[in-house]
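Data block below; observations after.
Which chain is which? They are A, B, C, D, E, F, G, H, I, J, K and L, in the order written, and residues in each are numbered from 1.
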């Protein structure tokens, strides 16, 4: 079982960007911890970051056949990208949405999520740990089907 | 470390209520699995269900001194109870909000959450498994502080 | 065939409360007339009033097995209680919503009904007579199924 | 005592139109059952259907002198016709609004009613039976005045 | 110079309908007074009332060639008829909108006017006198062009 | 009988200001024509222009005792001044609101009128002629009382 | 195969009405070109224009049995008629909505369409040519079923 | 003269709960100061706190006969409880609404008050002192009637 | 300790203006009672009324150095004046907002307050007595600092 | 005459993606059928698909000089891309917007179109056939100019 | 070339008022620096501050003939004054709007600007320097015409 | 000191695109003039244009270390890109937003700016000159820190 993990715009800056909001872990650290968890669960993860909405859309479109599920942190695109929503819906793979911060405590425009409605589940506010919990939940979900 | 787990209105019906939305596990099953996880993590959990908004408010108000954190599934009260929000804010304990279903896929009035803004994190859509992930995340959060 | 009749908050004041809006019948009178109608229709009714949202929720949750249908006047909770909505939906019994006054002629916030969407039918504006018409309609509905 | 019963647009199609929403009774059947109920109540009913908003407005304007009350199912015009509202208000006869389906479960634009605010009562969701209950309630209302 | 005067739905009831809002003059009285004013101004007026939106639309569409201007009291259709708006715009004749009552003091849904934007002027609140003032203003407007 | 005529902000610029919207008559011309009409009607008019919201409020507050009615073109203050509304309501004199242009054809923020709801009537779109029609209507209104 | 073509209010004025928005073709020209296209496609078309909402509703209600599909330009009724929507839905024939102008470039109130949601397809902005394209598309759609 | 003082949800936590927002006085202190003021004014006060919306509703319903007026701090229920509003309206006793903090400086959802419209007066922002001022104002109000 | 008391537009009319809403006390009476209370509290008050938004703004801007606090009844400017809000915020003196009537029971546009958010407290609905309570509360507030 | 055909995000998945909504034709099939139609009409078409908003913007910016018109299916970008709108407006070439599905029957957020207002025409709901109709309409439009 | 510089309400407090938002420069300093810049550019500036909306309106109305352009910081009136907007539009002189703070970072009600739409340009967030940049831009704009 | 200047989508078309809105200068001209100004101010500027939201995000993320400040004209992305907002916020460099046209005079959807709230200042409406003023203001701002 192989899981695709997608990180959206500005997440390449993790560790440097507003550490009080997003924590001090870099994206590499998060990916490494996630990979260790994958090993523990007996699955594989591929991690990909892009600032380009279109690249993320393409990645998701190419996922079927290779991946059994998706974990995505769409970052700012959560609130503006119908294209990402359509991509997730189109490929029909179970997808979990992760946010580092608790977006419910932030600006009004972050309360709208185009992607949440096509994901099976959402985790927000646990920082990097959220990806690990998402992986555990997603793997169990896929095994149950 | 002791964690208080609160289940809101109608959750006493779990297993019987719309199983395609909420799953077929009863509340007892969920509490038992959660207690097992607590044991594994070396913590204690107390589980309480009520259909009364005021009882949940009182419970939260009484928590400091006894509990190190809260896990709450406010169910319908998520969207209507400012009293629950005020209670969580007043006691200043880390709280994780759990929903069995992915509320982002449901009616518009379920998109509003009064409680999310005062919780540290949210998990939705993983069914009963969501409580287990919440406990794992909350315990790690409390240990880090 | 047994029908559960639920009266929501402040209805214990009927007869004394704004008689020009709600009429001069007391709740006892309404229940007695309703019981007579039930006898005429060959069914039984149990009447229950509560000011507590949670008690009404519990009542509805306990109804299956005992009752074949519900008649509810949620009063103020019509417009604020998603918990009542969830309870009615969860038990999957035919439910008729009754209002003494014509709520369409009143404040804007009374134009929103959380419960109407999960009831099979609604009657408003007929005063105490509305319960009698609701019972007649509900019994016919149940017999047809 | 004579009651005018008005059926709005598309109701001539009853029985053929979306039977899962509107039931399989034709308008003739509904009118016949209603007439039988009128006989039982010792009153007379005249039934009229039109797809023309203006014809319904004219009918209502001509009602005083001949009729003691109105029963109206304005169908689609419920949500768009201020002219119907003005007509009902102008003639100052007691009027009951009937809907076959439970409009609370349908599209948002059906949640607005221009006519409800000038009727004494509303019944929705009981199919053809709703007219019968409306007649019973209206006759009692007129006798009480 | 010939002016077409159009009266919308329910105005056939004038004198009988809510006299405290609309005054006690009948439509015939208003038309007679208006005709006298027309004579005084050296113009002709034709008056037409209909409850049918479509008849009013047809009338306006037929006006060019016969009439030099329009006076219209669209009554309830003011707030709901884009067809009337399109008709007035299509014929490109100067049109004055008249309302008997001061619609600014009434329900919110009467604050919207589809027709006002395509008329040259509006008069509201002067009762039947409003038509006379409208005629005087319209005739002066046409003569100035 | 004495009538107070109030002109609001920027009306001192009439004749120079956007002549295609407001016409080429100056305020002096309008006041002179209006005075001539007053003579013809056997009444007196006093005309006052101010750019100060507070001066207009004071003027209206001082009107009772001296004036039998008001004609006001509140210009921009129509849409922003609750103080003017309160002043007109407080003095309880019949007031007619006049606008030179047809405000229904202009920006959305000009569709809101705080003053219209406390005036007996409104005239818009007839340019300077509107004041003359307003005077005629107001004098007739006062005489009828 | 026979197709019913319905033209809504004010379309009898085509060619005379705002030619820069609606083009200079009359309705007769459009119907003739459409009939020629029908011949080329081996189908029949009947064209009907009415300013009466109710007549259009009746026409649609009578269509099943005679017609295999509908082409409708509801004009102003697009934005105000739920009755037309209900009629199209009730008869369950494939229907294509046509607009001469590109309504997306016009007033906000023309952005709402009650009919679009119950049509299979929409064409806007191609002038009279739009009906021809609609016919071609509709015929192909019906043949595919 | 006897006055009923009602404290809503979470107020049992006063002194411990967000002291920078709500002050450091406990509810007992507030009640004691209020009782002293009552003595000074020659009236009696009974103080009652509940987290249950329904208990507060019942209390108010039982007040007539025993109490001459109400002072209520509905806390979170201010913004969500139509049941409380209905109760206050039903008993028709003069009621003053008190808030410890200046709710105008807080979240948007606290700007809505269901209870304010049925109270005679409101005091907000004076902390515990607000109850004392409310009592003084209420007693004067009752004496004046 | 010296307190500046500001009365906004139309308050010069008190006693004459809608006595059922605003009471029959004149502004002079209110100021005299308030001055007596000030003497009792050992402080001084200066009272100033203006219909000019700008004069009130200037007064507030000049207050620091002379006054220890402000009491303001902004009347209509409550709902429209950001300039008053900015002035109160700029001078950073404790300010209490007073309204004679309970504005929560009035028009929707009176539900918005620009000034409340920069005041420390609000009192509404107690008529002239409200100023006295405000003074008592403000003086206690200033002494506590 | 050369026409540029642009396909937006996720359209590379056609045939595989939700076939009940988008049909079972692949993008290659659609392009081939379109090319055949172009040959029949004596024009050329170039087809381009991209998931990148910026690439589509660049393509449109480069079109003048090479192409006489555009056909675009902006897919998800219809509802979110002002950049595409600006590009179409900037190049001032006639553009037709095509949608495979009838977007009027879908989610609310798909009812907003940034691109429609700068296109000459729109076709929605005809599946792949829509492109063919668009080409026919666009070519006739260009020839007429 | 002579430029009129207008400062709106509360700007007389600059230097004393919330220095973290508005900076520590007084209005005199800003005017002096601006005058020096004017000398450098070979133009003249006259600076005027008022808390009275009407005085600013009058000033603008008197500007043509004396001034070639306007620089205005309408402060709070930016968001509430249609009278200022009308004045700027009426005189038809190029006007630049300046704000000391970045109003985009402040309260929602400061996001609305009535004046921006009739100015040629806007500068916000540069403190007193903003006036200098505005002057430079405005002078270049006037010279180019 | 080095400043990064970013031009958003469609700005490569400057000079060709709607010259009445955006002026006739090309982007090269603007960049050259800006570079000359930089030389005069003793700083360096690097100019970059992209139609890709993601490329702009990446550029900003890479800026710290190389650049002391940013000037950005986000063009269409101003109104739709939360990713750009997050990037500017993340790097914590002073940023000035520039618009060629006065966006306050344009479509409603251009009144929303996601980027303005994280910039220190904004300049709009001065055409290419706006960049020059922005550079002058930004350099002074950086030197002051």
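Basically, a contact is a pair of C-beta atoms (placed from the backbone, for glycine too) under 8 Å apart; a residue touches a chain by one contact, two chains touch by 3 or more.
Everything numeric here is computed off the predicted structure, so don't read it as measured data.
Novice: Figure out the least number of contact steps between subunit J and subunit K, where 1 means they touch directly.
Specialist: Tracing touching chains, the least step count from subunit J to subunit K comes to 2.
Novice: Which of these pairs, E-G, A-B or C-D, matches I-K in more than half of the residue pairs in contact?
Specialist: More than half of its contact pairs match I-K, so it is E-G.
Novice: As a quick test, compute the distance in whole Å between the mean CA positions of subunit H and subunit I.
Specialist: 23
Novice: What whole-Å value do you get for the distance between subunit F and subunit L if each is reduced to the mean of its CA atoms?
Specialist: Once rounded, the distance between the two centres reads 48 Å.
Novice: Can you tell me which residues of subunit I touch two or more of the remaining chains?
Specialist: Where subunit I meets two or more other chains at a single residue, that happens at 52-55, 80.
Novice: According to the definition already given, which pairs of chains are in contact?
Specialist: A-B, A-J, A-L, B-C, B-H, C-D, C-H, D-E, D-G, E-F, E-G, F-I, F-K, G-J, H-I, I-K, J-L, K-L
Novice: Any idea which subunit F residues touch subunit K in the complex?
Specialist: Answer in residue numbers: 8-10, 12-13, 16-18, 50-55, 75-77, 79-80, 109-110.
Novice: For subunit F, which residues are in contact with subunit I within the complex?
Specialist: Those residues of subunit F that touch subunit I are 52-55, 57-58, 61, 64, 80-83, 85-87, 89-91, 114.
Novice: Taking the touch rule as given, give the residues of subunit L at its contact with subunit K in the complex, in rising order.
Specialist: Result: residues 96, 102, 104-105, 111, 113, 116-117, 119-126, 129-130, 133, 136-137, 140-141 of subunit L touch subunit K.
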